[in-house]
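As written, the chain order gives the labels A, B, C and D, with residue 1 at the start of each chain.
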Amino acid sequence: MTALLDVQRLSKSFGGLRVTDDVSFTLSSGDRVALIGPNGAGKTTLVNQLSGDLLPSGGRILLGGVDVTTASIPERVRGGLVRTFQVTRLFTSLTVAENVALAVMQRRGLTKRMFSSVIDRADVRDEWQSVLSLLGIGHLAATPVTKLAYGQQRLLDLAIGLAMKPRVLVLDEPAAGVPHDESPRILEAIGRMSPEIAILMIEHDMDLVFKFAKRVLVLANGALIFEGTPAEVKENDAVRAAYLGSYANARRAS
Amino acid sequence: MQTLLGILPDALAYGMVLFTISIGLSIMMGLMRVVNLAHGAFAMIGGYLASFALTSLGVSYPIAILIAVIGTVIVSVPFEFLLYRRIYRRSDELTQILLTIGITFFIVGIANYIFGPTSKPIPLPDLLKGPFDLGLRMIPAHRLFVIGCGVVTAVALWLLIEKTEFGVRLRAAVDNGDMAEALGIRTQIVYSATFALAVGLAAFGGVVGAELLPVEPYYALRYMVTFLVVVSVGGAGSVTGAMAASLLLGLADTTGKYLAPEFGEFFFYVAVIVIVYVFPHGLFGKAH
Amino acid sequence: MVKTLGWLCAAAAISLSVGAAQADTIKVGVIGTMSGPYALFGKNYKMGIDAWVAEHGNTVAGHTVEFVYRDEVSPNPAQSKALAQELIVKEKVQYLAGLYFTPNAMAVAPLLQEAKVPMVVLNAATSSITEKSPYIVRTSFTMFQNTVPAAKVAKQKGAKKVAIAVSDYGPGIDAETAFKKTFETEGGQVVEAIRMPLNTTDFGPIMQRIKNSGADMIFTFLPAGPPTLGFVKAYIDNGLKAGGVKLMSTGDVVTEPDLPNIGEAGLGILSTYHYAVSHDSPENKAFLALLQKGGGKLDEVTMTSVAAYDGARLIYKMIEATGGKSDPDKAIAAVKGMQWVSPRGPVSIDPDTRHITQNVYLREVEKADGKLINKEIDTFKAQPDWGLAKQ
Amino acid sequence: MATLSVTSAPQSAAAGLRNDLIAAAVIAVVGAIGYFVFPDDLAFLIRVIGLAFLVISLDLVTGYCGVATLGHAALFGVGAYAAGNVCLAGVTDPILMLLTGVIAGTATGLMSGLLVTRFRGLPQLVLSIAFGQLVAALANKLSSITGGSDGLAGIAPGPVFGVFNFDMFGRTGYIFSVIVLLVTMVTLLRFSRSPFALMCRAIKDDTLRARMIGVAVYPRLVVMYCVAGAVAGLGGALTAINTGVVGLDSVGFERSAEALIMLILGGAGNLWGALIGAILFELFHHYVSAASPFHWMILIGLLLIVVVLFFPKGLVNEVTRRIGDLRQRRAAR
């Protein structure tokens, strides 16, 4: 079986600085993988290259066997590669339902319609309602986004991603900024997602990582320094050194 | 070739007028990220004040320039204090456009009300009157003066920005306002000083450029977009960019006027579209 | 269904209101540039009309005449048409007057026939305006009228090669056409014809081009306003004047309010025009006295005040001829061929074109009593609109 | 007043239809009031309706897509010139003239959209200005088809449906204009609830997020520009029909700037806001400049400053928000 997402020797430099250094990994259907690393390790840069926001300087990205290294963002999304954002990005002038329904309609090729409102059509409605209920925010459908609590906004961000029916879902710190006692709800929501989806989660919160991931990738200074189970990561000296080293560096810089 | 050389001094003079007026706007847009359509209105105020000083007070030309610059800065203080402060760095373009259009209308209306709806002469001193023989061709002496003013402005600004304490603060605030604030630079003061500098430069350019862009009640509306266009082509916040854009657009406009005057500003705006399309952040600009 | 009913009601209302439009007060709607960059000319309309009323009273044939002003601001035909409609429908004016800009006049013209309202154009100077409706009379001038004599003068003054530089709009193109045709018929050569955009303020490149053309005279027309000054300055400062190239223009370039701004450098500029404030006649002296009595300033007087003064004369004549009734055919017939001595000199209304026939004067900028004036030095008698006249 | 609310929950098809009918009824009733209460001001009202099309069109790109433009009059003016030219060429049927305006406006919208929506922010604004100025310079230059600064005169449209002649009182013109406005508004209100328009609002909110749900943003905005072009072209053609002359002012910068002001007064992102903004602005203009033309600019400048600072979402949105708050407070009690 070929991997759903196959990242081969991905590199990115800004000026002389290598922010992604020869990174390779694969994701298969049903994978629950966490990507961790100290601050400034290049996690978000890596995600931006996967999603197409940034073009890599070298290497390849295969999505379901197709080379998407230079494909546009919408092309990748059509191929089933969907991401969410570290800082929530929502359509703030719309309601919760509209946010998710747009993703549903876009996926089904309905957003080119100019004269019929299909947001309420039974099949469309069923879909966005089920996504919202899956994430536990079904009761907020008619609420304007601006009136949501931050935790709810994070869930909505996930909902939009989920409504795209992704094959590969990249979650960029889904619990960032959420009060600590609420983060289990987010994890719970992720847990309810279809087992078919390959999920790559970037996360700081080790608690969350260990509860979620079957496999962990560790990034430091742009390079993958370790790959293994959560238990192995805990024990690994290189990982520990990378984290401690980064704090040491940080102290020197400030 | 002869003719092209012949129109170069005209192009240079026009470019320098554009530069002298636009550079203030460029610095302001680079630092405060304000799309200020009222910049021409402050140039107009400068022109009105100079005209008033020269024709009614009978002072000399340099004194009139001084009165115009200082007077305009004083007039601009309430605008900065009450209005511009609210839109530094944080508003979207649309809000800025509309607020500054409102300010422009207001200033034009007031100017009409106080000074009447006729154009305002800015008589030149005898030294700058009449033709000057370049050898190659005759050129109005005034144009040499304008070119000189442009060069002096550019050099002075370069010194100010590169060599003074204010320049350091200015550059720090341009690059990263929050960081500058964290480092103890009081950005509000830097902003206010920059605003005064921008307005003063506008007034100065409005007076010395009056032979090419005559001062009249609708000045602020007529040139409302011209200065903005120059700044965008050059790249907001860049002295070099503003200079390059002014000279380039001055050349495009003057050559167009020479070769095919009936096309009006057609070539000017074709040049603008091409440059902005290729360099969306301006020739020497940075993306924000 | 409801709409159709509405239409029927409307039709009934029209037929009623037209018959009932008679009142003791006769209103005249004046559309002029009362604000904006051309406000001076709108102000002159009012000065001229006020002078006429001051002289002749506000009653004609037992009817009180009232002038209602509207502001056209800028060339904006849709707005001008709306203003004219408002004046006709709401104010129930019996006559229209004014119109500074050609497109605005063009927009009003189609209304006149249906509204049965004659219109006296007080400025808009494109020849074809009077052809747009049989109810239009014009007391201003046309470009052809003033330009044909200019071309003749150019020839007399010994010009062989002329460069033409005009503003790129209707009247400018009329001026170019008129000058070129006349000058070439007279045996001269036009070596360069430049059309300058209306918003040109930097004339350096234009002067350079004229210089390269080897012309010995420039003929120019620009609408009165800020750019004229820049043109004259550029002519002097680029060394053309010193180099012996003469400047010939229509009077629009050297209107009296602009002369002080041009300054002494303007001395000697030749122009042809139908009115100079310094015109030496008892009628003009009386007229200027009336203007000043009405609060007008002497250094703000332009040709539009005379056009308005004479326009008011025509309107009074029309009211008299129709006894205050709405009868546009009779009104227009009454002024066709009318002759009188205007402050600008003897004039008449051409019965075919309904445009004013008048003297055109050759003037030179001179200094008299410390003031710059356009001194009349030659007269071309009874010039028709050469653009419309059958030649 | 459910129709006034932009951020409403998804509506059922039946509710949508009801809204369409309410909108049509509102326009018809207000139109009738205008007709019977101000029979002497129809010419003024016709002009306002013509401008309203431009403002509504601008709303589609500015209010719905967040495009900052100061060159929108080009779309309006080209429509007007096109309609005028077919009329002079002998096609005097008003409906066909409108159609011509729509086609010409759409084509101009396409060109403008291709150029302007490529970027965001300052470069976008400058490109829009440059496009507008280019069209204006061309309109002046190509005087054989535009009449240059004299204007394209002598446009004499035939009777509507071959029956109703345009009269000097503007009665036919007014009723014709109101009907065209009604049809356009109802169509656009329906359009504004479509997935397409919803997606445009999403793009305005967050372009990157929209791309991340798979939207190719640029082509969307270009299509929206074409729709806006069609509406503006329609308004231009309508104005040409009613005025009989098309001047350079119809493509000028001032027209673009004024349209933007009207839109902001009313409220961007709301078609009713656009309509009401146009009416308010012109009414204000009419009365203030009649009283004192010199003070007009001072007052409009002040008004603009006040609205931008204190009612940044426009008067209509502000009023509906206040009403909404009031209702909520009452409900809470």
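Throughout what follows, a contact is a pair of C-beta atoms (placed from the backbone, for glycine too) under 8 Å apart; a residue touches a chain by one contact, two chains touch by 3 or more.
This is a predicted model, so every value here is computed, not measured.
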Partner chains shared by chain A and chain C (touch criterion as defined above): D
Most distant chain from chain C, judged by the mean position of its C-alpha atoms: A
Whole-Å gap between the CA centroids of chain B and chain D: 33
Between chain D and chain A, distance of the C-alpha-averaged centres to the nearest whole Å: 41
Inter-centroid spacing, chain D versus chain C (mean Cα positions, whole Å): 36
Mean-CA-position distance for chain B and chain A (Å): 48
Residues of chain B engaged with two or more neighbouring chains: 112, 117, 262-265
Multi-partner residues of chain D (at least 2 other chains): 137, 140, 254, 294, 296
Set of all touching chain pairs, with the criterion as stated earlier: A-D, B-C, B-D, C-D
Footprint of chain B on chain C - complex, ascending: 35-37, 39-40, 168, 194-197, 199-202, 204-206, 208-209, 211-212, 225-227, 229-230, 233-234, 236-239, 242-243, 257, 260-261, 263, 265
Of chain A, residues touching chain D in the complex: 51, 53, 72-74, 77-78, 82-83, 85, 89-95, 97-99, 101-103, 105-107, 110-120, 125, 141-142, 144, 160, 163-164
Chain C partner contacts - residues on chain D that touch it in the complex: 32, 35, 39-44, 46-47, 50, 137, 140, 143, 147-151, 153-154, 156, 164, 167-172, 175, 179, 239, 242-250, 254, 289-290, 293-294, 296
For the chain B and chain D complex, residues of the former touching the latter: 29, 35, 83, 86, 92-95, 97-99, 101-110, 112-113, 117, 221, 224-225, 228-229, 232-233, 236, 262-266, 269-270, 272-273, 276-277, 280-281
In the complex, chain D residues that touch chain B: 62, 68, 70, 115, 118-119, 121-123, 125-127, 129-131, 133-134, 137-138, 140-141, 253-254, 257, 260-261, 264, 268, 294-305, 307-309, 312
